[in-house]
Structures are given as structure tokens and as C-alpha cells.
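Right, one structure below, let's go through it.
Order as written gives the chain letters A, B, C, D and E; numbering starts at 1 within each chain.
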Amino acid sequence: MQLGMVVGTVVSTRKSENLQGLKLLIVQQLTHTYKPLANYVIAVDVVQAGTGDVVLYSEGSSCRQTAPTDKRPVDGVVMAVVDTWEVGGKEIYNKSKTDSAPL
Amino acid sequence: MQLGMVVGTVVSTRKSENLQGLKLLIVQQLTHTYKPLANYVIAVDVVQAGTGDVVLYSEGSSCRQTAPTDKRPVDGVVMAVVDTWEVGGKEIYNKSKTDSAPL
Amino acid sequence: MQLGMVVGTVVSTRKSENLQGLKLLIVQQLTHTYKPLANYVIAVDVVQAGTGDVVLYSEGSSCRQTAPTDKRPVDGVVMAVVDTWEVGGKEIYNKSKTDSAPL
Amino acid sequence: MQLGMVVGTVVSTRKSENLQGLKLLIVQQLTHTYKPLANYVIAVDVVQAGTGDVVLYSEGSSCRQTAPTDKRPVDGVVMAVVDTWEVGGKEIYNKSKTDSAPL
Amino acid sequence: MQLGMVVGTVVSTRKSENLQGLKLLIVQQLTHTYKPLANYVIAVDVVQAGTGDVVLYSEGSSCRQTAPTDKRPVDGVVMAVVDTWEVGGKEIYNKSKTDSAPL
């Protein structure tokens, strides 16, 4: 899994039948030191994440191991909203204290 | 999943038996700010996408989670034609308004 | 899937039992504008491809979705020999007209 | 699999139901010559690893082949704490002798 | 699959239960022109490969398609020791003739 920030959404009406009803988020990758990277993924939301949320996401077959995405053509999922993370004992991110995004 | 633009097609007559009947598109990757990247994939079309369409595509095992690609040696699929996407509340792409491709 | 050119072969006698009988090709990746890249894969041939052929190949679990590779430790497969491809309506490659490889 | 060092932890309360109870580690990738790389993964701990431990980790579907991660949306796992490794007959890392991390 | 050279080994006692009994090799990637790359993988040995051997290895789900690795958390496997390979009709590597490694 990687850390990312939800930065937008994608809308599509003409899509594979078993993609219906899934919300598609644009997630920009973050370093573990809370810096934005150029990489992004389009990921299905299963935790009601919104723009500006720092999240945990993954790509690959693990994306289909949640109830809403089971057996669907999903190759990106946001599976958690992050509260805090620390590196070397130092808090890098805290959802309740952070007012501004790094992006 | 990634955002991409359909830029062409591939034709093959000598191929694995369970690839028969699938349309092969050349999809060039786009950034989430609607800029073309050098990366491309050859992806099976399951949504009647055509050249110039902005699409959602994926690679890997999720490609076999659609009816037409089930249990086939497919490692790229176009699973949606994109209508619009926005980043930070700003519309980046709108199918009905866009006359020119970034490529 | 990616476009590539078959450039060579690999021979191994001491190998995993369920790799026996499979032909191993060296495939160099091509851009969709028909330029060689440094990347290569060792891929199992399921379409009788030979050196100089332009092919469609993939990596990952899709490689085991052909009859000869089913349930084998195969992470690369050549699943099609390419006849033609076009980008933006312009023919980039045509097997019957091409005398020289880009490599 | 890759070699890495555990450098931190991630906490999330709002997450996919089948992620509950799993400890999320931040693992920074190491070269096989024991130098840190910029890459990291968020990986589930199944071996009681802690900050500063040199570990073996993987991404992809292999992450779900341990009892605690079976059928969960896990795309990163720490599956071993490394005791020693050697390259060309020379010991590169020894857990019992190493006092300082390379990071 | 990729070509690589076995350059070392990793030892771990505290590891996921279903990793017990597997030998862990450090494999450095080679180009198809027999030059070393910086990339490496930790791969399970299923063909009794040793340091200095040129091998075929893979990552991903194909790694679990051998008897010793079935249903184990293995994301790298050495599935063949290479005898020879040729590119464009020219022999690049021959196990019986090669005395020195490129590394």
C-alpha cells in the first residue's frame, strides 16, 4: 500500500457493467515524509473519503478484497483514511492538526 | 486505474486462441492534469471506445473481471469512457466541451 | 500488454519441472511509435513467433490464461504476432511491408 | 521480495472492515548493499517487527498468503525479520552486530 | 521473467510460518546483453542455484506455481538455471564457457 491524498474525482457513464455504483477518486501519491509525488491512481472509494483526505490506497488484486469491489474490474482502491503516521518516533502527519495540504 | 487517451489500434491474425474477437486499442497514458505521458498499453476494449476518447484503463488481473475478458490472456482493458474529471474543484476535462486532444 | 520484438532465445535444462517443453523468447519492448526500448522480458511462446517478429506480450497473471501455460510458473507470454498497427490513422507498422527492424 | 527497514507506523480508524486488527508499518526499501532507497511501502506486520528492524517484505498477491492477511485487502506484508545477508561471500548485514541504521 | 545472477543469500529465523524451509537468494538483474543492473530481488530457490549462476527469475503470482512455493507468501522465484542465450543469432552467454561474471 501507499500513502496518498485525494485530489479529485472522475465521472463516467459509459463503463463496464460491473463498475456501476462505484465512486472513482483521483489519488496523488505522497512520500512517507509527506511530500507529493507526480504519480496518481484512479481508485474506488470504500471508506467515504473526500478531497483533501490523506489515505491508504493500493493497486493490483488486493483491490478486490473488499465487499464493494469483489469480482469487479477494479485496479485501485482507497481502503483507509489515515489519522496519523510517524517516522523514527516523530509525528509526520496528524489529521486533527493539519490545516493545509502539501500539494 | 489510470487515465489515458485512445490513439490507435493493433491488428493480429496469428494469436492465442482465447484472444479471438477482442478489439485491441493503443492507449497513451495521461497525467491527472491532462498531459500526455510516453507510456502506453495495448488494452482490450469492452466499452466501444474509439480514437480520441479519454478513458479509464487498467493492467493486471483486474482486466479479467469483465464478461468479455473473463479467463482470457488479457493484461490491459479499457473499462470506461470518461465524461469529466476535476482536481481541487476545478474541471480538468469535459468530454462535451473538449475539441482538441493534448497529444 | 505491450508491443515488442523477438530478438533471441534462452536455453535451460535445469529448471522447474512445470517449465518443461516451453520455448523461451527474449522480447525487447517497443514504443507505440515503433522505437526500441531498453526493457526486455523472457516470455513463453504460444504462437510460434520467431526472431524479428513484432509481437504482443504481457507479464503477470494473464500469462497463465493460455492452454500451454496454465498453472505454470510463467511470468511472460507472447500471445500474438502483430500484422499492423496504426496511431492517429497513420500506419506505423505493417508486417508485410517491413523489411528492416528498428533495433 | 525486497529488503527494507521498518521506519515508522500508520494509524487509521476509518478503514475497510477486513483491515481491522492489522498493524501497518512504514518500510523503506534497502539496496542489497544495505543502502536506503527513496521507495517505501505500507506493509502489514505478521512477524512482530519493530522500528529499526531489517526485514523482508513483498507487494502484490503474495501478501495474502499468510494466515493473518488471508482474503484481506492487503498489498504489502513484512514476512520475515532478517538475521544476516551476504553478497559474494562477504557479510553485508548482521542483526546481532549492527548498532546503527543506514538511514 | 528476467535474467539475473545469484549474488548472495539471506538468512532469517523469525519469519512467516509458511516460509519455513525455503532458501532465499539475492538475485541481481541482468540486461539481455549480459550487463548488471542495480535492481535485485530476493527469490526462493527451487532449482538448487548457487552464487554465480545465471538464472531465470520472476516476481508476482507466477512464483507460487511451483510445488515448493504453492500457497506460500513468495514474491520471487528462481525457476531455471540458464545454459545459453543468444540475441540476433549471436551467443551472449554460455554457462560452460564463461569463467568470469560481469558483476
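In this section, a residue touches a chain if its C-beta (ideal position, glycine included) is under 8 Å from a C-beta of that chain, and two chains touch if they have at least 3 such contacts.
Note that the coordinates shown come from a computational prediction; the quantities given were computed from them, not determined experimentally.
Asks: Enumerate, in label order, the chains that touch chain B and chain C alike.
Replies: Neighbours common to chain B and chain C are absent.
Asks: By how many degrees does chain B turn when fitted onto chain D using C-alpha atoms, rounded in steps of 5?
Replies: The two chains, chain B and chain D, differ by a rotation of 145 degrees.
Asks: Let me have the rounded angstrom distance from the C-alpha centre of chain A over to the C-alpha centre of chain C, please.
Replies: A distance of 34 Å separates the two centres.
Asks: Between chain C and chain E, what is the separation of their C-alpha centroids in Å?
Replies: Whole-Å distance between the two chain centres: 21.
Asks: Using the touch definition from the top, which residues of chain D touch two or more other chains?
Replies: If we look for residues of chain D contacting two or more partner chains, we find 59-61, 63.
Asks: Work through the pairs of chains, note which ones touch, and then classify the graph as line, ring, star, complete or other.
Replies: ring
Asks: Ring order from chain D, via chain E next?
Replies: If we begin at chain D and move next to chain E, the sequence is D, E, C, B, A.
Asks: Using the touch definition up top, name the residues of chain C that touch chain E in the complex.
Replies: On the chain C side, the touching residues are 7-19, 24, 26, 28, 38, 40-43, 51, 59-61, 63-64, 71-76, 103.
Asks: Considering the complex alone, what residue numbers of chain C touch chain B?
Replies: Contact set of chain C toward chain B: 1-3, 31-32, 46-48, 56, 58-63, 65-67, 77, 79-89, 92.
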